[in-house]
Amino acid sequence: MGIRLSQIAKTYGRPGTPRALEPIDLEIASGELVGLLGPSGSGKTTLLRIIAGLEQADRDPAGTIHFGSRDVTEVHVRDRRIGFVFQHYALFKHMTVFDNVAFGLTVQPRGQRPSSGEIRARVHQLLEMVQLERFAQRYPAELSGGQQQRVSLARALALRPEVLLLDEPFGALDAKVRQDLRRWLRHLHDELNFTSVFVTHDQEEALELSDRVVVMSDGRIEQIDAPAALYRAPANRFVFEFLGDVNRLEGEVRDGALTCGEARLAVDLPEGPQELLLRPHELSLEAAPSAAAHLPMTVTAVVPVGAEVRVELAADWLAEPWLATIGHGDFERLDVRRGQRLYALPQRWHRFAAEGRPATQPSLA
Amino acid sequence: MSLALPRLTGRRRVLPGFGLSLGISLMFVSLVLLLPMTSLVGQLSGISLAEYWAIISDGRVVASYTVTIGAAALAALVNAAFGLLLAWVLVRYEFPGKRLLDALMDLPFALPTAVAGITLATLYAGSGWMGRLLEPLGLQVAYTWVGIALAMAFTSIPFVVRTVQPVLEDLPQEVDEAALTLGASDATAFRRVILPHLWPALVTGTGLAFVRSLGEFGAIIFIAGNMPYETEITALMIFVKLQEYDYVGASAIASVVLMVSLALLLAINIWQGHFIKRLHGGRG
Amino acid sequence: MQRIGDAPAVRRGLIGAAVALSALFLLLPLVAIFAQAFAQGVGVFWANVSDHYTLAAIGLTLFITVLTIPVCLVFGVALAWLVTRFSFPGRRLLQTLIDIPFAVSPVVAGLIYLLLYGRNGWIGGWLDAQDIQLMFAWPGILMVTIFVTCPFVARELIPLMQAQGSREEEAAVTLGASGGTIFRRVTLPNIRWALLYGVILTNARAVGEFGAVSVVSGAIRGQTNTLPLHLEQLYQDYNTVGAFASAALLALIALFTLAAKAGLEWRAARREA
C-alpha cells in the first residue's frame, strides 16, 4: 500500500513559532523501503510520527495523508493499522515475550478478535520468523537489546500491517548487532512485501537499507533519490556534506587555474573566488605533481582501516586538513609515512553555487 | 555492584568517616529504636501465655480489632482509588491550579493529627458544615465507624499519591504509544499496560496507608465517639489501659499491634523486592 | 502527541473529579480550622493565643522542637553517609530498621518509652532511686519526639546521596582533602536542600506529635502540655474557639511546610531544566 503525503507541516507550540516541519509532499510506492535521513532536529522523526498518527499535522496548511486510496488524515493512530517499531523497543515489561507479541491481537474488539488458538499459532509463527521461539515465556528484561528489538518487530507485525514504520530502529544497538539486524530487516521486507519507512541519522544505514532515501534538514526535504544516485549526484551542498567526509579547496580562478598559495589546479571555471569539494576516495596521492594539479601536502597520520588506508594531509595553504583514502597497493608503492611530502591528484571534484540549489559537476581527466 | 565489590573486600575504605558514622548510627538505632522495645518483652515476661491470651482475646479488645481493621481497610481502599486518580491527574494533565493541588496532597502529613481530629469532628458533627448536609440524608459520620474510616483516610492520603506519582512519571511515553499503535482502546490500554506498571507502587502505597491507619490515634479519637464494642479503636484501648495503670494489659495489646505492623511492613518490602526483580531481570 | 486518556471529555472529567474531591476532603478542613478560630473575631482569637497556658504550651513545643532537630540532623546525616558511601554486612537491615517509627503506632511508641523509663521500668527504677524523673516531664516528651521524627532527615538524604554516588567525594580524596573538608565543601553543597527539607519535615512532625506525647507527658497545664495536648484539653472542655486558635497556629506551620516543599521542588525542577 502506497503512502501519499501532501502539504504536511508541523509547528510545536504556538502558531508563528518556527516550524519543525515545512509543508512537505512525499509519495512512497507500495512495497518500497524508504529511509528518512537527517541530523537531529531535521524533522525526520516528526514526519514519521505524523505518518503513524502519533502526532497531528498542522491544520494550516491543511495537509492530507493517504494510505493507498484511503484518506487517514483524521484517523486515530489506533485505527490506522500501522506497525510501529520504537527506538527503545517500548516492550511491555510486565508481559512475557509471547504476551507482548499477542497484545495487538488480544485487544481487538470482540467481533474481530481471532480465537485464542489462532492467536497462539500466529504468535508462534511470528516468533519463529524472528528466531525467538525459545524465548516465548521470558520477560523482556531477560533479553539482549537485539533480541528485544526483534520482539518489538514481531509485535508490530502481528496485525499484518501494510505499513511498517521504524523510528531509529537500530540506534540503541552496538555496531555488529546493528549490521545483522539491518540485513535481516531488508530480507523480511522483501519477503513480506509491506511498505516500510524508517528514520535514521546514520548515512551508511540509510544507504545500505533503503530503496530510496529522503534526506532532510531543518524541516525540509533536501533530496529524494536511490542511494547510488544520491551519492553520485547530490542535489546540494548539504546532501553532499551529510553523506560523507569532504575536503575543501578554496582559491582564486585565473587563466583556467585555481590557485591558493603554492597550490594550483587546472579548472574550467569563470574567473573569481571559487570553492571546490572533494571526496577522500576521489583523490590519489603521487610522489610528483601532474601538469593539471600541483597540490603539495604533508602526511600527518596514516590509519589502515580494513581494505583501505586513511591518510591525513596538511599544508600551509589549507585551512583544514584533508583526508584521502587510498588502496593498499598505492600505500605500499609510495611507502606512505608520517611527515612525507606527497602530491594530491583529484579525479573528480564538486562545486555548489553559494546560493540556491543547482550544482555543477565537471570531472577532470 | 562491581564497583562496590573492591570496597567490600579491600581493607582500606576510600572515603573517611566509616567508624564515626557507624558508631553514631548504631548507638542511635540501639538506644532510641531497639532498647525501648525490649521493655515490652520485659513487661510481658511476667505473665503466662494463658493470661496473655486472655487479655488480647477479651471481647472488648477483639471488638476494637474489628473496628480498627475494618475501618483501616475501607480507608486504604478509598485511598487507593483516590490516590490513583490524583496521581494520574497530577502527572498526565496540565491545568491551572495544578501546583496548588499538588502541594495540597501533603497537607495530611504536615498537619498535626490532633488538629485534623478536632477539625473533622467539628465538620462532620450534626452542627458542622458537612454534618448539616449529611445528617438529614440519614448519613451519620461523626461518632460512628464511618467517621473513624474518614479520619484514617484523611491522614493516609499522601501514601498512595506519592508512591504512584513517581512511577507514573517514569513511564515512558512510548509505552502509551506502543499500546495505541497496536489498536488498544484507552480503557484496555490502561487496564492491560498502565495499571500493571503501577501495580507494585499502588499496592505498596495502599499497604503503607493501611499500616498507618492501624496505628493512627490523634486524628481518630475526636471523631470516633469511643463507645466500647462499637467505635473504640485498638490504639485507644492501649491508652485506656494505661490510664487505668494496667501496664501489663496495655503492653499485651501493644505487642499485638506492633507485631502486626512490623509483619505488614516486612511483607510489603519483600513483595516489592520480588516484583522489582521480575521487571528488571534480577538486576534491580 | 497521543497519550492514553487524552480525549477532552476524559480529561475534563478526571480533573474535575480530582479537584472536587480534594477540595472536599483536604481544602474544606483547612478552611474550617481558620473559620472556627476566628468565629468570634480576631480579638477573641488573640486572647486565646496570648492566654498564659497557651503561651506555656507554645514555649514547651518550641523548646522540644529546637532540641529534637539537631539530634535528628546528626543521626540522619551519619546514617545516610554510612549506608550510601560504604558497603558492609547489615546495611539493608539498618535501612529497614529506621522505618520502624513510621510503622509503629504513636501510642505504642509512647508506651515502650513509658515502660522503660517509667518508675516501674528497669532504667526508670534506677533513675527514680537517683531522684531523676524522665517520664511525665519534658525529657520524656523529647525522647518520644526524637523516636517519632528520627527517620525524616535520613529518608530525604539516602535516595539523593545514592543517586549522586561517591565520585565527587572520591575525587576530593585524591586531591588530598580531609574528611571534614570533604563533607563541608563537597557533600554539603550537594545535599543542603534535601537536608533543609528533612529539617522542615522533622519540625512539622515534632511540633504536631500527639499520640506518643500524650502517653508520656502527664498533660499538666502550664508545665508538660505541648500545643497539640493543650488544644485537646481545650476541646474536651468545650472551649472550641480556644482549641481552634491553637489549631490555627499549628495549621500555619503545616502551611509553611507545604510552601517550603513546593518552593524546594520548584527550585530543583528549575535547576534540572
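Order of writing sets the labels: A, B and C. Residues in every chain begin at 1.
Please note the rule applied: a residue touches a chain if its C-beta (ideal position, glycine included) is under 8 Å from a C-beta of that chain, and two chains touch if they have at least 3 such contacts.
Which protein is which chain? UniProt says A = Sulfate/thiosulfate import ATP-binding protein CysA 1; B = Sulfate transport system permease protein CysT; C = Sulfate transport system permease protein CysW.
Predicted model only: the values in this text are computed from it and were never measured.
Among the other chains, the CA centroid farthest from that of subunit C is the one of A.
By number of C-beta pairs in contact, A-B leads when A-B and A-C are compared.
Relative to the centroid of all protein Cα atoms, the closest per-chain Cα centroid is that of B. A separation of 16 Å divides the Cα centre of subunit B from that of subunit C. Centre-to-centre separation between subunit A and subunit B, using Cα means, comes to 54 Å. Taking the mean of the C-alpha atoms as each chain's centre, subunit A and subunit C sit 57 Å apart. The multi-chain contact residues of subunit C, meaning those touching 2 or more other chains, are 1-2. Within subunit A, the positions touching two or more other chains are listed as 54, 76-77. Among the residues of subunit B, those touching two or more other chains are numbered 177, 179-180, 189, 193. Considering their complex, residues 53-55, 76-77 of subunit A touch subunit C. Note for the complex: subunit B touches subunit A at residues 172, 174-175, 177-185, 188-189, 192-193, 196-197, 199, 278-283. Residues 1-5, 7, 10-11, 14-15, 17-19, 21-22, 25-30, 32-33, 36, 74-75, 78-79, 81-82, 85-88, 94, 96-109, 111-116, 120-122, 143, 146-147, 150, 166, 169-170, 173, 178-179, 182-183, 201, 204, 207-211, 214-215, 228-229, 231-232, 235, 240, 243-244, 247, 250-251, 253-255, 257-259, 261-262, 266 of subunit C touch subunit B in their complex.
By the touch criterion stated above, subunit B contacts subunit C in their complex at residues 4, 7-8, 13-18, 20-22, 24-25, 28-29, 32-40, 42-43, 82, 85-86, 88-90, 92-93, 95, 97, 99, 101-120, 122-123, 128-130, 153-154, 157, 173, 176-177, 179-180, 186, 189-190, 193-194, 208, 211-212, 214-218, 222, 235-236, 238-239, 242, 247, 250-251, 254, 257-258, 261-262, 264-266, 269.
Residues of subunit A that touch subunit B in their complex: 52, 54, 76-84, 86-88, 90-95, 103-104, 107-108, 139, 141-142, 155-156, 158-159.
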